[in-house]
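Letters A, B, C and D mark the chains in the order given here, with residues in each chain numbered from 1 onward.
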Amino acid sequence: MLHLLEALLYNPGVPLAGLAAKARALWAARGLPSPVLDLVFQLAIAATVSGFITVNALFIIWFDRKISALMQLRKGPNRVGPFGLLQTLADTLKLLSKEDINPLRIDPLAFWLAPLLVFIPSFAVFLVIPFGNGLIAGDLNIGILYILAISGLSVIGILSAGWGSNNKYSLIGGLRSAAQMVSYEVPMMLAILPVVMLTGSMRMGAIVDAQAGYGWFAFMQPVAFVIFLIAGNAEVNRAPFDLPEAESELVAGFNTEYSAMKFSIFFLAEYTNLFLTSAIAASLFLGGWEGPLLPPVVWFFLKTYFVITLLCWARWTFPRIRVDQLMQFSWKYLLPIALLNLLVSAAAMKLL
Amino acid sequence: MPVQAPFELEKLSNKEYILNMGPQHPSTHGVLRVVLKLEGELVKDVFPDVGYIHSGVEKLCENRTYPAIVPYLDRLDYLGAVNLEWAYVLAVEKLCGIQVPERAEYIRVILAELNRIMSHLLWYSAFGMDVGALTPIFYAFREREEIIALMEAATGGRLTHNALRIGGFRSDLPKDFLPGLGRFLSSFERKVDEYEALLIDNVILKARTKGVGALDPELAVSYGVTGPSLRGSGPAWDLRRTAPYSVYGKLDFRVPTSEGRDTWSRLKVRMDEMRESAKILRQAAGALPSGEVSAKTPRVLKPAPGEAYSRVESPRGEFGAWVVSDGSERPYRVKFRSPSFSNLSVLREIAVGCNIADIIAIMGSLDLVIPEIDR
Amino acid sequence: MMGYISEIYYGIKSLSAGLGVTLKHCFRKPITLQYPEEKPALPLRARGRLVMPVDPATGANRCTACLLCAKACPNGSIKITKALGDDGKPKPRAAKYLYRSGNCMYCNLCVEACPFAAILMSEEYETATRDRESLNIDLAAENHQLKGSKLSWWLAKFKGEEPA
Amino acid sequence: MNTSDILDDINKVPGASGAVGPDSVLDVLAPAKEVPGILTALKKSGFGHLSFVTAKDLPSENLIELVYRLFSYVSRIDASVRTRLDRGNPSAPSVSGIFRTAEWHERETAEMFGVEFSGHPCPGKLLLPDGVEAPLRKDFKHEKMTPLPVV
């Protein structure tokens, strides 16, 4: 039994493949069509991933609130459950039981689809996240490109939320987030390019393998790492770039008119996006699940939560940027530096 | 029907729209409605609409006895309550010709300056939240809680102190007040530097506030702007120095000003003012004479017919109380000149042309307290 | 070009100063009070709800229904009805001392006006009620028992601990 | 420009009478139409800060007295210009052209005392809701106004 557990932790690819082969043999013996079995496998993976997402999102919300409490001389949630761990669960149950208000004269299609349009992209990106050395849902060989393409979709959700809720504050919030997302995709892409050039492939698995033995890209590409963190922070609409839902200016930005279930989906999507950006940052720059002693899955979570702490730290320290400065910062500072870094690393690779 | 802004009645071009900021809005610091004519995010016109929390204090005071009015003053500006009480009490003492003993004067200075620091600390944290930084409020409130504990020990109230009486004080400072004050002052300046590093010198905040809401001095004086908002544009007019009342003439302190005229310089002036208040507190605590804390006043106060106006430098500017007496035990007419009233009226001159985020920063830098405007 | 570089340099320096302050605060003890478990320690003069304590020496309250406190109250939240003796003449006692705590603004002017130190602002600040009627309290009938430092301070008729 | 020269100029104005009142406040009584002229003169001679504009209702003499309170940061003395208006329909010229702060102060005095300020850039209610007229007058009655319970 210990042997199976040890194999499952350190090299999960092998036992899972064995299990799948046994199941397929059993299935074929009965003479049933094999594509149905593939479908069952995919559904199983999807179920585990969605279960993981909800639990993880609840944990990150609690983690964010505990970090902010740590920095603000207070205790953070400690009433519901041990150390307040069940606090987010209690909040979710409360949100589910609240009345789902649909304001007058909303654009119903845009208003109802918006939460889904924001949540589905962050759900879909989990396909290529390398949790462990075998634990990857579908190791597409265009991994990074897939991530960037899909994460660009959530802008549509926020825009339709802004337009659908027939509220001036939401409209301004929605339009701000469109401008912000678009203008921060470009530096993010340019920050990823050196990594792709170094590994020669866009497959996430290949990128993580290329960083084996402490060849972390964060050391080789420190500038790209910082730019990716800043642009990722902006993609996720978190301070100091939280203009779309700026509490002090736009009341609650694009999710002003949302209540109960829809609002909890927005909230879930925001924190899942935060986890995704940190997971990608960890995999691309900090060596994903590469690590000496501990099993790969634990390394992956350690590094991801380290990046989440960095983003939370920035959130609770900095004031908010104004809209025109947001644009200026991206096009005048991030972009030139990212391009320069790209050229320098290309030249360096050519010479070395 | 709420008041219609003048530009609401005109025809709007298709790019412009009207946005109601308030009366229920997270960063109007109270019940204030600002109607904005916007084009995209650019502000074309501003119309502040006040009066949502008007409680007719001046009519109330006309049928209260003179000493019973003091608690109403705390409700006008609950952040700088002692200063406001001081303005009214000074006016009544001028009317009745009461001479307040020296010790009471120094205790009034101590409580007023503690109140000023309390008010600036709350302004600092509210401004941080308006600009999006959610952490400064917790640090500033740690200091503010220490001051509140001191004030509660001395006066009994945390915000609405009701400390002053006509003629001095009802009872002297408690035993552990001065040591507590000393402990607080010993580490206060270091904390102010820390606050400045966290927010005021932050490059994002500087980008948000430099050159925003420029207020030129002549316009400010013509609009009756007073206090740190005026001193951010140059003139060093502080009533504690230009028209010294009580014992401020004997205390030596600098009036911080800045030539920047924009939102950031108003922030800097308030941070320096906190340091100056700490300096005043040290001197006043050191020079505190012993003796009586209250002059002899008749049980039922009936001042001779006449009128008196007295000014006080409240944390927001010049707060004045104009008291008219007709010889009875109730004032004939009372007028409170509140600083936020005039400070808000200048918003239209400095806020046109900026965008929504700047309006919030500018209103934050004017440090408005709404009950003081509506009275 | 140089301006561009120095701008970035100062940007990073001031941002890291801010980060430093928050990091420094990570290692300090939280200062928040866990309210229901830990109750704040109120100073002596803290103004809670008005009470008319029973004087342990005489076993009754010290009120003589002189109405000075009702006159001094700015909001008119005190209404006193005098006690009538068996022969119909009013006695210097208060039969009913109606204190409308919903109307009171805790300004302490009534306590200062009372020549007999009969009333006092206690330490009780949890005065929320479910219905408006129970805000009006008859202090004479309540026979409140004072405790701790407030009791000794009240017995000495607010003297004794004053000079700083 | 010490006070005696200012007083001489003011006394030259027809109908106006200036004197140094208690605690050295320059007290000026002037007819309504002279007020803008006097205020401009005072502003030129250093009284740059208009603290407030308010009124006092004197039903016994059937008058409403307007009060303009000025302060000079330069010579650090106060000036109070008073003018008496008929209580029936009180009207005075607006001084918001000279001191911009008067615009709000006059609007408040107008709605509180029913004084009409001619030439005001945007007259209208400032603090009060519709339907409440001149509450600070002594004879103001309102059904919701319950008197303080007299002890």
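Following the convention adopted for this analysis, a contact is a pair of C-beta atoms (placed from the backbone, for glycine too) under 8 Å apart; a residue touches a chain by one contact, two chains touch by 3 or more.
Only a predicted model underlies this, so the values are computations on that prediction, with no experimental measurement involved.
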From subunit C, the most remote chain by mean C-alpha position: A
Chain closest to the middle, measuring from C-alpha centroids that were averaged per chain: B
Length of the line joining the C-alpha centres of subunit B and subunit D, rounded to whole Å: 25
Separation of subunit A from subunit C, taking each centre as the mean of its C-alpha atoms, in whole Å: 51
Chain centre separation in whole Å, for subunit D relative to subunit C (CA means): 41
Set of subunit B residues in contact with two or more other chains: 64, 135, 139, 142, 198-199, 202, 204
Sequence positions of subunit A contacting 2 or more other chains: 71-74, 316-318
Residues of subunit D engaged with two or more neighbouring chains: 148
Contact footprint of subunit C on subunit A as seen in their complex: 69-75, 313-314, 316-318, 333
Subunit D contact footprint on subunit B (complex, rising order): 1, 3, 6, 50-51, 54, 56, 58-59, 63-64, 94, 219, 221-224, 226, 235, 237, 242-243, 306, 309, 311, 318, 320, 322, 324, 332-333, 335, 337, 341-342, 345, 374-375
In the complex, subunit B residues that touch subunit C: 64-65, 67-72, 75, 135, 139, 142, 145, 149, 152-157, 160, 162, 170-175, 177-178, 194, 197-199, 201-204, 206
Touch list for subunit A against partner subunit B, complex: 68, 71-74, 168-169, 172, 239-240, 242, 246-251, 316-325
In the complex with subunit A, residue positions of subunit C that touch it: 8, 15, 18-19, 21-23, 25-26, 28-32, 34
